[in-house]
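Listed below are the structures to be examined.
Next, two complexes with chain A in common: one pairs it with chain B, the other with chain C.
Moving on to the complex of A and B:
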């Protein structure tokens, strides 16, 4: 299962890297501005355009490749920021305890129950058109609570271990204990959560773009679906509808499989069960 | 008694959290670039209406006073006037909310019932072909991109084979005809609801199945299952009476944790199928810069989410006698 996930991910990474190629071959293949002069409507796949074109003659394959790049960019950067925030707050909450813990965890509870997509939509109300990086930041700011809860509970079990007490007796400061002694022990867990956060970030960005609130300067898979939807081509052009949706779903699936495989590595209980069964 | 006190404490917490959300929204309303008065007052409004609205919301007062006006209006059920509809926001929300509740609860209850049953069944046959196939299918359902599968379903069932209507919740000609009876109307709504229901069902069914399967397999390793086997109870009794009720508890927790995710999905489904619900109204309000309506919808959704979480936690305490608050 994990191997399938990695294989799919490698394929998507290849797509993302390959996205730089089409515009170099011919400016016509530029995902955003390249228009085939001979085509004025959505066309099915042909030799010239392997996946067909959209309603103004832009090449769908090059859009799909560019979408892979955007998905990785959004997913990984949002996941990274949210895991950094979540790990830092989780460590502090678990280590400090008392009211710091209460305040941070109540805040986490509050943010956790809010539907992130709708929250980012509300931000779009106030700040108008959001750029791709502000979308990333927004997703990161609202997706850390799950991570911080897990990191906190791991920190709680770690902080009474002898090696932490030894460090304290040796005169280590709180900051040193947090960074040098606790952080390396929670890092694998944080990494595991990063794979899950990548998917949720990609899905939220895609959904946002689908609803028409994406960054108009980027070609993402959600944006492609939005074009199909808004131009009313859904009923006529299934070959335009299929590729972006399949890509989003498969990328989500592959990160999910990777996460599950990592989970098995980190949690010996799951491994044993697999061995016995 | 302790449960009662727990509920009271949680209610107090919810009120505080809700106040914080409102406060944040209020300040965003004023700090975001642009004129806050323009966000509350429709540019196409008559001057006397405009002054009335400015007075009602205290938009000519200092910020602190405005904040109090904002809270007072909110708690007396005045959410402002929608730009697009020209009607009070509370009225619009009142019309939309039942539609969302109907679609959403039907979908969640249906997928929970089916997902839990199937999950229970496949967990019992672990590592068989049935288990492999069903689990993989559930995994795919769980990871499908919702707007896309909604569009595919719409394309196939509404455009290609034409069994179901493309948009909306009712057929206007049927409802305006005085001759059509209540049953006809109910069937009409069901006919319109089938496709959005199918979409939400597919997405939720997979998650329920996966959670139930996982928790069922955890329960199977417990001693009381071993005891039940040793007593010579039939497999079916062990599965349905001993394992399943215990395994169902994490499913209840999961409903609470996935609430935010499902609400996002609900809004997307409503948008694709033009189902006249709260989620679609929020998306619509945001695209039209209809600030009062967007604010009203969002606050209502936030309130519902918080209350639903409280209900789920209480339910959990009732189901699991080991939990005490």
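Moving on to the complex of A and C:
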């Protein structure tokens, strides 16, 4: 299961890295600005354009490759920021307890019940066009509560364990207990949730782009889908519609599989069982 | 009562507890509606330096709470805890950190008391890091010496192991090493062998006795077993429901127990080759009496010797029998007759 996830991820990483190649071969393969001078409409696959072209003659394969890069960037950075926020707040809330816990968790509840996509859509309407980084930031800021809830509950079960009390008796400060003792114990969970957050960030960005609120300066898979739809090629051009759709599904799947596998790799107790069996 | 003051040196006892009280409050919003559990009630105790002091009692008698108060995992609701004469019940900040260096603890469950993500080296090193002791190259040799002292052989081979790669006995030895690496004056051992099997327990007892001898420190040994306390301890205190009911030299308390609860504990010990023999004291009631715990003796409801007109209404004072032996029972003085 983990191997399949890693294999798929490696494939997508290869795509993302490969996205720098086409523009170097010929400027017309630039995903945004490169236009084939001989084509002015959507065309099916050919030797010149392996996946065909879009409505103004841009190469679809180079767009697909660039989309992989954007998906990684959006997914990983949004997930990373949200998991960092969620883990930090979850640890503090669980360890400190009392009113700190109450305040942080009520805040988390308030944010959690907001539908992320809808709120980001309204933000987009309010502020006008959003850049890809503000979309990333917005997703991160709306997706941490789930992480912090899980990390908090894990912290609650950990903080009365004798090894935490032993650290207190040894004279460890609160900060030391949080970072040296609690953090390594919640980290596998945090990383697990990070892979799930990558998935949700990619989906949210794709949905946003598809609805026409994406960053017009970047080629994401969602943007590609939006162009198919806007130009009325939904049923006419399967080579344009299917690749980005399939890529979104497979990339989210591979991060999910990776998350499942990661749990085993990071836990030393599970590592041991593997060594014995 | 001051049984330990007979100590020849005129120094403060290692641990002196004065009217210590700790109450746990259950759910509920106000103090009125909450259920209260009195874990410790007016516990007064004095533990001399350089001895092994045994605290014996059944589950829920408050002995673990006492340990947690002494190492300052919790604070008492009332009373003073003097460590070498200094009250630490409410210290914080720098004095608390200094106190942490002198008093260490070993926990009951060695499977829970070591961080699963830390290697043996890191576990034993941590107290040194926190207190900035033995810097540089001396730190490694200090860790190795401490591991060797607790019987981890060869210590170098275990430095990089993780807790899940150790047996229960080895884990407990590592936990002892973590406590001893700071060279504390006082070591609190809260049922350190109850999760280990009998032969390993005996090894740990030997180790603790040996360490106490070599380091000239005070060992507070908490156990539910009078046999273990008899084997290991110089002085014993017996606890029942948050009260010290009897205390004194180990040999005297076990050879000539005065309090009916201590006698019941002795009756409960299994005896080899003497099955079916009558209980020696037979002080335990089969049916418990309904009792009010506000005024009367704490053991009233289970005591066969109790007399309703006396024990249900007044709490007995501690009666001294000399040599530091004392018991809180109205009939303690004539208890020796009953033992026949």
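Definition applied: the second predicted complex is superposed on the first by the 261 of 277 C-alpha atoms of A that agree within 3 Å, B and C clash if a C-alpha of one lies under 4 Å from a C-alpha of the other, contacts with A are read in each partner's own complex, and residues count from 1 in each chain.
Quick note on the criterion: contacts are C-beta pairs under 8 Å (C-beta built on N, C-alpha and C of every residue); 3 or more make two chains touch, one makes a residue touch a chain.
For clarity, every value in this text was computed on a predicted model and none was experimentally measured.
Considered on the superposed chain A, chain B and chain C are sterically compatible, since they fit side by side. By the touch criterion defined above, A:34 reaches neither chain B nor chain C. In the superposition on chain A, A:162 makes contact with chain C only, not with chain B. When the shared chain is aligned, chain C comes close enough to touch A:185, but chain B does not. By the document's definition of touching, of the two partners only chain B reaches A:241; chain C does not. More residues of chain A lie in contact with B than with the other chain of the pair chain B and chain C.
Contacts of A:176 after superposition: chain C is touched, whereas chain B is not reached. Put simply, the nearest alpha carbons of chain B and chain C end up 13 Å apart when the two models share chain A. By the touch criterion stated above, chain B contacts chain A in their complex at residues 13, 17, 20-21, 25, 28-29, 32-33, 126-127, 139-140, 142-149, 151-152, 154-155, 159, 217, 221, 257, 259-261, 263-264, 267-268, 271-272, 279, 282-283, 285-287, 289, 291, 294-295, 298, 301-302, 305-306, 309.
Those residues of chain C whose C-beta lies close enough to touch chain A in the complex are 71-73, 97, 100-101, 103-105, 107-109, 112-118, 126-127, 130-131, 162, 164-165, 175, 178, 182.
Residues 161-163, 165-173, 176, 180-181, 184-185, 268-269, 272 of chain A touch chain C in their complex. If you check the complex, the residues on chain A that touch chain B are 106, 109-110, 112-118, 121-128, 199, 203-204, 206-207, 210-213, 222, 225, 228-229, 234-235, 238, 241, 244-245, 248-249, 252-253, 256-257, 273, 277.
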